[in-house]
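Next, two complexes with subunit A in common: one pairs it with subunit B, the other with subunit C.
Now for the complex of A and B:
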């Protein structure tokens, strides 16, 4: 068993744990947002508070478990949404070419002319959007790279003999695009989507770190980190726990996505 | 001899001519892109919910007279296109209007803060190049070695790790716990300024270095797989000679990507400046967005876009100038 084969196990354990938090946090930590002003900030190791409490006396550990939902659900929706746009538009642009292709590539150029962080910050900040508006904005910002990716693999597939045969058989364009080319693009699309989840997770928590996206009082890792700046000298747990959770989650998803991508590439070479 | 010489001279001139043409075309495209972006940036004022005049008033007491004077000043009653052209004219003269939050012109506000952001970006860029490029070359030279594997895994973690989380951790460890570096602020200028910028620059460089490492490694590996390397080896060229050949070729894509990385630094500075409470352009943008200080937001967005577009242009021209293969493709 090679070392690379360990990757799904090593990344799977933390990801499974996060998944459990996302689904079941309301039963695991029903009182995560309960405030206790009298307690105030306490350091890690205080009785009953493994990582201490924040300025409102909320337990850091419980808050972090409850925050898994807003950290992960939005990014998954972003990755799914932008890949759906990518598959629809990228397939058409790649297979049909022409003005649609040109228009889409210009749109992608325009969006790629600015850093994602900046555009997301400006747009969501100015329109005062909540969580789902932020998700929508990020879908728009993520889609150009997905369109390009799908377009590229569709073009690579279009030249293959099986597509030539399909054309000779007189199959319709839509049928060739979505029944024959698409299944061969999906594996790459899936691994790209995974990498996008990690990227979106970092972007979304960055926005909530800047005070955008998640409403006040909602448990969220980015918000916890932003709060922790004022608590550093009194409770290091408020920084270390959410920071570690974000880094581990993003790294695990990235490693898994990378591993999948390599496997798919190996398989397509072997064929 | 003479004809051969003049022939060579002629081809040189021609290629230089096509380079000029290439630059002109790319300049026009860049100008067009910036024009479209300027339109979008201007439209932000009207896309922001609420009455533009009220948004421009900010927290001052809203009186009908004040609203009227703002409408007059920003020509808000004119048709949209003429407003845009007026605004664009001012922008081209370096006038972005007045900041709503601070009662100064946007230009003074920006010029006070731009140095720090440039210093931060420059220091992180130097760090990135010094760390990532040598490591990328070393890893590519011995693929599968312990060094290659460990740095590759570290770079995957580095790419994914959010800047501000890394920054806060560094701040806690080196600033508060070990007490080596200052915790917040930008220092008193001179050496103190650079000392304050060390942690922020390392933070910013950590993510970028991961990216540049990956790019360098890929470029060198691709070059090592070229036929000419196998040929040079079989001809018995020394290890050192082959290395210099490979590196010279691999550095073209690396240098290209470095240009784009530099542009991307400006997105990263926002989070790092906020994390370390540095008074730069990035933290100004973050503050201005939450405050809806639109003239400042417009100015920073447009300036960043311009810097990035010009960097991309410079990178393209560089690529075109140093790599004859691209030139051939372009002239076809």
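Now for the complex of A and C:
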């Protein structure tokens, strides 16, 4: 088996595990957030605590399992949301051209010129937002790349004979855009979306590390990282576990996205 | 010293199976050998195996012998690095991609020269002179040159190392017919001067017939027949060679129906046992399907259990005599003084064009690339606007029911994400017809009704073009425009599609506008023709008259460049 053929397996196993954590963490680790002040900070390997505990006595492992939800759900919503904006605006901009294209492209350029993390920081800080405000802000900030990507693919498809045939048949613009062009753009959009999930995961973690995002007490990898700063000298596990999880998840999604993209490209070449 | 090249027992294997099966090839100095075959026959892979340029995942075995050097191909492409360039050179099809866009032509020609010659002005001049190019070309970039000139630069570059063997992989296919002839003449002259062996890989039977000393016919990865020059076709023994010859449309006369080979070329890996051609052969019997025939014979060889002999009655070819251009009839569309420019600085793409098409009439537009023939079609159908002039339709119908179009490349003509049934149903809907007519429509273009559930990418090029034709006729247009509808198809499939188009326009009584560069093809379909050059209609008339007594200089030039017909 070639190395490329191994990618879906190698990435699938950790992703499947994370998915199980997201869906079933409340049954796997029902007491993840239970505090035990008496225990306090313990180092990895302490009886019953593989990665030790934090200053509130919470088990790092259980906390990380419970934190999978907020770490993954937000990014998925961000990627989906920004791709929906990308598909709507990108398809119109790419197919209609003219002033609409100019306007939408300039809008995308403008958003693209903003430093993503900084804007998210300022906005969420200003309106005192929580998790979902951060998600919303990131959707806005992620959308310009998606608009551009979809626009480019739509333009590439628009010149192809099958679209010209559809025009000659006198089909309406909306029908050509959404029935003929869009299905041929979706495969690329899907793999881009996966890559966005990975990127959003890192962004979200960074924001909650900086104290924005989930509220206090809610399990979250980024927040765990942030908390670990104070107890590094006593429990290195509190840093290593969430950091590793972030890296593995992001890398696995990235690899899978790349792999899918290659597959789609091969298929379109064969056509 | 120069004793030519001997390739023996070549086997090329790709990721999905065999590409070329056990083939021998001899190239002698001063000789031209044509390797003829359709797409997927393995002819290009043979050239790539001989030059060590096989793509990743494709391997070759066999022996290549050149003078005293013997190379075992199984050792990998690196064993050929020394031979390639120095002794064997390759000239590729597309001069637009085979030359580097960022280097001057002079540099590209001299790259393979010895370092002391590389800077010599005289040497570059001599090299350019050999391919009939002026000295200034050395300082120009490829994009500044015409296609024909670019291919000359590519030729000069591949000759730089003074090879004994030159392999031309479809070296003139990307060129216009008039340029094609010049290029072939040039190749022939240089080959004579250098006493070089030339392996000409081509799908064009005319070129092979006219230029080759020996012709090898390949089919699905196998050599099926070989022999001396034009004899191979004139006295074809293999049913495939005969079929290929017969399905190549003649220029001299119009046939009632082109003899076509049913089906399409299989992949070599699809044919496990028996003769590779058996599934499409009307002479095949049980043995053909179970035992693989070997090449037998001396000067001419054939791999066939039931070769065609002189005793066989030749295929009857019926010449159509009843095709008369109608002089009267109601006009369907009249194009008057239409002009178009793509940008203010560009020359006119259409210059005062006048044409007319009558109801139910088959009209051709013939011209080379840049003649404006496609632009005119796109203006007619509304895909392109024009600056001045007038296109008036004499019927009262929505645009979609006036005219429909079939494009050149069938692979991108159908939406890859839609089933064939959905594509056709949509087109039927435009003509207020019900989707229950899909099976009948498929049947009309010679496809089984089950194809409605399939998607385009599983179909062969010929089948895709049939679907494209079905979609075009679905709204019941009064005019069917076909823009080079058969130029990207194999010869044997081309005949099927031409027959289909003839029968469809007859059955539906619709008018046809057939746009092509290929005179022999248009001959088989239309009764009246317009010849276009540089955006202008230079000649028009009935097909017969234009053919028999061309008036315009350009038309004469076009006719005289058609190879081997």
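The rule is short, and it goes like this: the second predicted complex is superposed on the first by the 271 of 271 C-alpha atoms of A that agree within 3 Å, B and C clash if a C-alpha of one lies under 4 Å from a C-alpha of the other, contacts with A are read in each partner's own complex, and residues count from 1 in each chain.
Here is the rule we use: a contact is a pair of C-beta atoms (placed from the backbone, for glycine too) under 8 Å apart; a residue touches a chain by one contact, two chains touch by 3 or more.
Quick caveat: nothing in here was measured; it's all calculated off a predicted structure.
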After superposition on the shared chain, which partner residues are touched by A:170: those of subunit B (first), subunit C (second), both, or neither? second
Broader residue contact with subunit A after superposition on the shared chain, subunit B or subunit C: B
May I ask you to decide whether A:102 touches subunit B, subunit C, both, or neither, giving the answer as first, second, both or neither? neither
Partner chain in contact with A:180 - subunit B first, subunit C second, else both or neither: second
A:160 in the overlay: touching subunit B, subunit C, both, or neither? Say first, second, both or neither. second
Considering only the touch criterion stated at the top, classify A:20 as touching first (subunit B), second (subunit C), both, or neither. neither
Where on subunit A do the contacts with subunit B and the contacts with subunit C coincide? none
Where on subunit C is subunit A touching in the complex? 381-383, 398-400, 403-405, 407, 409, 411-418, 426-427, 430, 456-457, 468, 471-472, 475
In their complex, what parts of subunit A are in touch with subunit C? 160-162, 164-171, 180, 183-184, 267-268, 270-271
Under the definition above, what is the set of subunit B residues touching subunit A in their complex? 33, 36-37, 44, 47-49, 149, 153, 156-157, 159-166, 168-169, 171-172, 176-177, 263-264, 266-268, 270-271, 274-275, 285-286, 289-290, 292, 294, 297, 301, 304-305, 308-309, 312
Tell me, which parts of subunit A touch subunit B in their complex? 3, 109-110, 113-118, 121-122, 125-128, 198-199, 202, 205-206, 209-212, 225, 228-229, 232-233, 236, 239-240, 242-243, 246-247, 250-251, 253-255, 258
